[in-house]
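Heads up, the next two complexes both have subunit A, just with different partners, subunit B and then subunit C.
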Partner chain A sequence: MDLSAINPVLLIASLMVAATPLLLAAIGELVVERAGVLNLGVEGMMIIGAIAGFAIAVETTSPMVGLVAAMIAGAVLSLLFAFLTQFALANQVASGLALTLFGLGLSALMGQSYVGIKPPAMAKLDIPVLSDIPVLGPILFSHDPVLYIGISLTAAVWWFLKKSRGGLILRAVGESHDAAHALGYNVIRVRILAIMFGGACAGLGGAYISLIRVPQWTEGMTAGVGWIALALVVFASWKPWRVLLGAYLFGGINVLQLNLQAAGIAIPVEYLAMSPYLITILVLVIMSADKSGAPASLGRTFHASQ
Partner chain B sequence: MIALEKRPTPSRALSLATPLIAVAITMIMGGLLFSVLGKNPFEAIRTIFWDPVLGEFAFYYRPQLLVKAAPLVLIAIGLSLGFKAGIWNIGAEGQYIMGAICGAAVGLAVYPTETRLIFPLMIVAGALGGWAWGMIPALLKVRFGTNEILVSLMLVYVADQLLASMSLGLLRNPEGMGFPGSRNFSDYPAANSWINEAAGLHWGMAFAFIAVIFSYFLLNRHILGFNIRLTGEAPRAARFAGVNPTRLVLFCLGTSGALAGLAGLFEVSGPSGQVNIDFASGYGFTAIIVAFLGRLHPVGILLAALLMALTYVGGDLAQGNLGLPSAAIQVFQGMLLFFLLALDLLTNYRVVFKKKGAA
Partner chain C sequence: MKFTKLLTSAAVALGLATTAMADTTKVGFVYVGPVGDGGWTYEHDKGRLAVEEAFGDKVETTFVESVPEGADAERVITQMALQGADLIFTTSFGYMDPTINVAKKFPKVKFEHATGYKQADNVSVYSARFYEGRAVQGHIAGKMTKTNKIGYIASFPIPEVIRGINSAYIHAKKVNPDVEFSIIWAYTWFDPAKEADAAKALIEQGADVILQHTDSTAPQAAAQAAGNVVTFGQASDMGEYAPFPRVSSIIDDWAPYYVARTQAVMDGTWESVSTWDGIGAGMVGIGEISDAVPADVKAEALALVDALADGSYHAFTGPLNKQDGTPWLAEGETAQDYGDDGLAGMNFYLEGITAEIPN
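Moving on, here comes the complex of A and B:
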């Protein structure tokens, strides 16, 4: 075992890369849940985003176009969920599961001809002077643009929920859809918009994995990141900045266990690979005691007649 | 203007008809999907749904239907108990893997002893393995209020890694020349789940039938089943009636875990034959579709599992004969659940045409 092979600067830099898909998916789901909707289809929307982004990026040779396509794909898939839960009044848990099962199948079907292809590379944001600073440069200033989008999105969502009128309406819908309806707000429309935002974010997160983090397409490559994102929202008590913190924590654990695998530590690879999932459970147990942050209408179906 | 009016009670006729309508719509949409993929839709549908049952070589495929349906029935029966009470175990895949590992480990530990006691012991170990894996989310839920959906799902990934570790390490065949995977149970008659391999009959089928009957009586004739249904339909009323939610969570997750574990054990000691990296085949997730398609009713689940087994067997056939990608079947199964959930609206609500402004 050679722990000195692990470079702390590179570790932190790759931690930020590993955390970004989680952050994107979780911040989207946070908005959805604040509107009172529990969408368990994050994993499905991510994997659809991953393949749609990958395919479009390969066909157009532009990773940027791919990322936009991934967002659209995620949002379109989330519309299916929106239709089921908001118009057909179906159970949200079952509909979310259906979305994930469908997304995993569809992505495998779409991705058949893209296995083993290398996608066009995403240019890193190389800021001339700043990225040459010894330690801070590689950590803070030489990443791909999406990573910064993720962080600014967190700030934007925080501002929207906390400071804007739209955010107030969204939270009202999530806390008590009957009261919001009585005040004249269109509960269904607010929820559909939130669901689509969540879908676009999950799609972007998925494409980040297939285009930037890995970059390659393999079947089922999101490997539970969407589910960890759902857990992350609980961990964060539905607060945006805590999502960022949690995503970096999970990213750190994942990068660390990969580094330990590479360094040849005495623990078998399989046990290291299960650590992110076990830690997710542990975190859920610790955070579940406090449910005060949960939106009061979370997971309840709204129909104006009731 | 079209409006929805909640029915006082769900329509019984529609509740029986919607699965059939959903299957019909899925076939039409699936046909469209197949034609987009460049296959003749009618030939594809016939290959998937007709040939394995009534086609020329059906004698070969019918046993396979039973082999695929048995684990689906076992798992889905367990899941349906929880789903009825609003307890969502979606980690059946993990419980299935753990049942297989534990059951197989007992059998392999005493290899090559030949006594009649081995297989019953393996069954107990398989059920216990799945039960224990299901009890983790159950205990965390009742003790700490942890979400059972996320915990049970995380445990699938953990079980997957354990499976890899077992087939490369502890349970690896010592005479396997370094290949991953355990000894094959087909060389070990005392620990084999086949009753009649040619007819596709193994002990999993027998247990599936017992589970169906057991669950039917539980839900319709026993106070525990009544409590499960009551909790799902009116949680507040259930609490006033003195239903103990803790016991219900432990019972539902434990039972579904044990049944999934049994499914894993019968699979590993029969059709699959050995503990190996690629043993997990997604039955635990497909069983969720089976449970919903069967309307969470024991007999419905039996029929739904046969239909879903048909899509597996027919899908394989279509893959071989028509070059239909196997992922297309997965999409097909996912679509089925979508249509089913969407059509459920008609069971619980009435569509009425109103004049505008007459509210």
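Moving on, here comes the complex of A and C:
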């Protein structure tokens, strides 16, 4: 056992990277669910974002263009879900699952000629003076831009939901779509915008994995992150900062347990391997003791005539 | 009237289709990862394509990818058997019990389970002696490490993986007595993000050689980003990362076996067998050793490959002790395949490895 082999600064820096795709996907899904829509297609939108972002980044040699393309791809795929559930009034759970299956299949097809290709590298945002500060520099100031986008997005979503008029409308639609409709708000439009936002976030999260975290394209490479994001939103009681906390906890403990294993610490590996799930759930369950529940209209279908 | 006509013609068409199909042999494959993983499943699928190429119209292959090990696997295998498969290859260790269970229900269907040890009248087992390849990797790793720290990304604590760790370790130790192994159990065969994280954790802790027993190329990419870390291709050549960080690889070549077994089913000569071939028989290939390896090390490694291939050297040759110091093999003794302390059920580390095997 050699704990000194673990460098805490590098550890924190890499846990932030590990948490970012989860955070992005979860924060998008949070907005969707706060608008009263349950989209189980997160995994599918992520993987489409992963391949679309990768393909475009390779073709244009610009990772930034790739990331934007990933957001567009995620949003476009989510439009399919929006059409099915908001216009065709299909069951949301079934449509979401279908979206995941479709996304996984389509991404495998799209990605066939991209296996084994290396994407253009994303430059880290090395802020000149700040990133040279010992300890704080590598932790806070020398990451890729997307990581900062993830954190600012959390703040923005929190502000939007809590402080803005638009957020009030979105929450009203999520809590009681009939009341919101009676007040003259366009429930369908609000929900479609929320779904597209969720799709764009998931797409960005997926591209983060394929362009920055791994970085390469492999079929099925999101490997369940979308499902963890879905669970995270519930355990975080639909609150943005808790999603951030949960994502960092999950990503952090995952990286930490790998580091502990590498250092040969004498905790049985089985416990280490399940610890991210266990601790994240435990912490968030304890925090959600204030009984803040799900949006009241979550998963219910709305039609103006009903 | 029209509707009944339609039904009749459909029935006739179906009948025709079944008769047309009667003389084709149906071969099913169950994969643990996606066919595009660039590693384990990719090579099995190459074997499937080789079967199609060898027999053309006389054979019909199907596959299901990314099947979780466990109850889901049983469902998938059952479905394949119900759909009329004559021969089913289940290509991951975790499909062992599901395969045996389904095989009981379909005595006429032939099953082939990879890397397991449970045989039945209609279940063959086959595996490759990957540990021979690991010996070569260990030799190169021991010679090339500068920090004397070698990282090993393991998947599940099963004999196949433990054999690999032991074989790599003793051969690294032989050429470099100061070498240390850091082992991470990822508890997955395929999760690129997790494999990348594991590789990064090992690299951050000073490992400059990474061996992997997981299936994706993510650790290769992590090593490449780090710049000075050596890796080896796993299951597939992973040549896109050559000449550096990937300096060599273990390649699984299932094609000849799959073709031979399909032929046996067609000829009606199929029998339940246990196959365990290594470098000599060509089931394990050693990918080209790149020029990033010093010429003398490369020559030694190639000599080792030849010795393993012609059988003049066994990868587990005594004197070797178990981790707790109890003797395992005496001077000059080579490991048995089966029986107590045999390779097939290996569940112990060898002396010098400091970690513990998870239960």
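By definition in this document, the second predicted complex is superposed on the first by the 269 of 306 C-alpha atoms of A that agree within 3 Å, B and C clash if a C-alpha of one lies under 4 Å from a C-alpha of the other, contacts with A are read in each partner's own complex, and residues count from 1 in each chain.
Here is the rule we use: contacts are C-beta pairs under 8 Å (C-beta built on N, C-alpha and C of every residue); 3 or more make two chains touch, one makes a residue touch a chain.
Remember, predicted model here, so these are calculated numbers, not experimental data.
In the superposition on chain A, contact is made by A:V115 with subunit C only, not with subunit B. When both complexes are overlaid on chain A, the residue A:N7 reaches subunit C alone and has no touch with subunit B. When both complexes are overlaid on chain A, the residue A:A223 reaches subunit B and subunit C alike.
Of the two partner chains placed by the overlay, neither subunit B nor subunit C lies in contact with A:I267.
With both structures placed on the common chain, the touch criterion links A:A123 to neither subunit B nor subunit C. In the superposed model, A:A179 makes contact with neither subunit B nor subunit C. Residues 108, 112, 219, 223-224, 268, 270, 273 of subunit A contact both subunit B in one complex and subunit C in the other. Across the interface of their complex, subunit C is touched by residues 5-7, 10-11, 14, 18, 21, 108, 111-112, 115-118, 209, 213-216, 218-225, 254-255, 258-259, 261-264, 266, 268-270, 273 of subunit A. Across the complex, subunit C meets subunit A through its residues 33-38, 66, 151, 157, 182-188, 190-194, 196-198, 200-202, 204-207, 216-218, 221-222, 224-225, 240, 354-356, 358-359.
On the side of subunit B, the complex with subunit A involves touching residues 4-6, 37, 88, 90, 140, 144-147, 149-151, 153-155, 157-158, 161-162, 164-165, 168-169, 285, 288-289, 292, 325, 327-335, 337-338, 341-342, 344-345, 348-349. Those residues of subunit A that touch subunit B in the shared complex are 40, 80, 83-84, 87-91, 93-95, 97-98, 101-106, 108-109, 112, 219, 223-224, 227-228, 230-231, 234, 268, 270-271, 273-274, 277-278, 280-281, 284-285, 288-289, 291, 303, 305-306.
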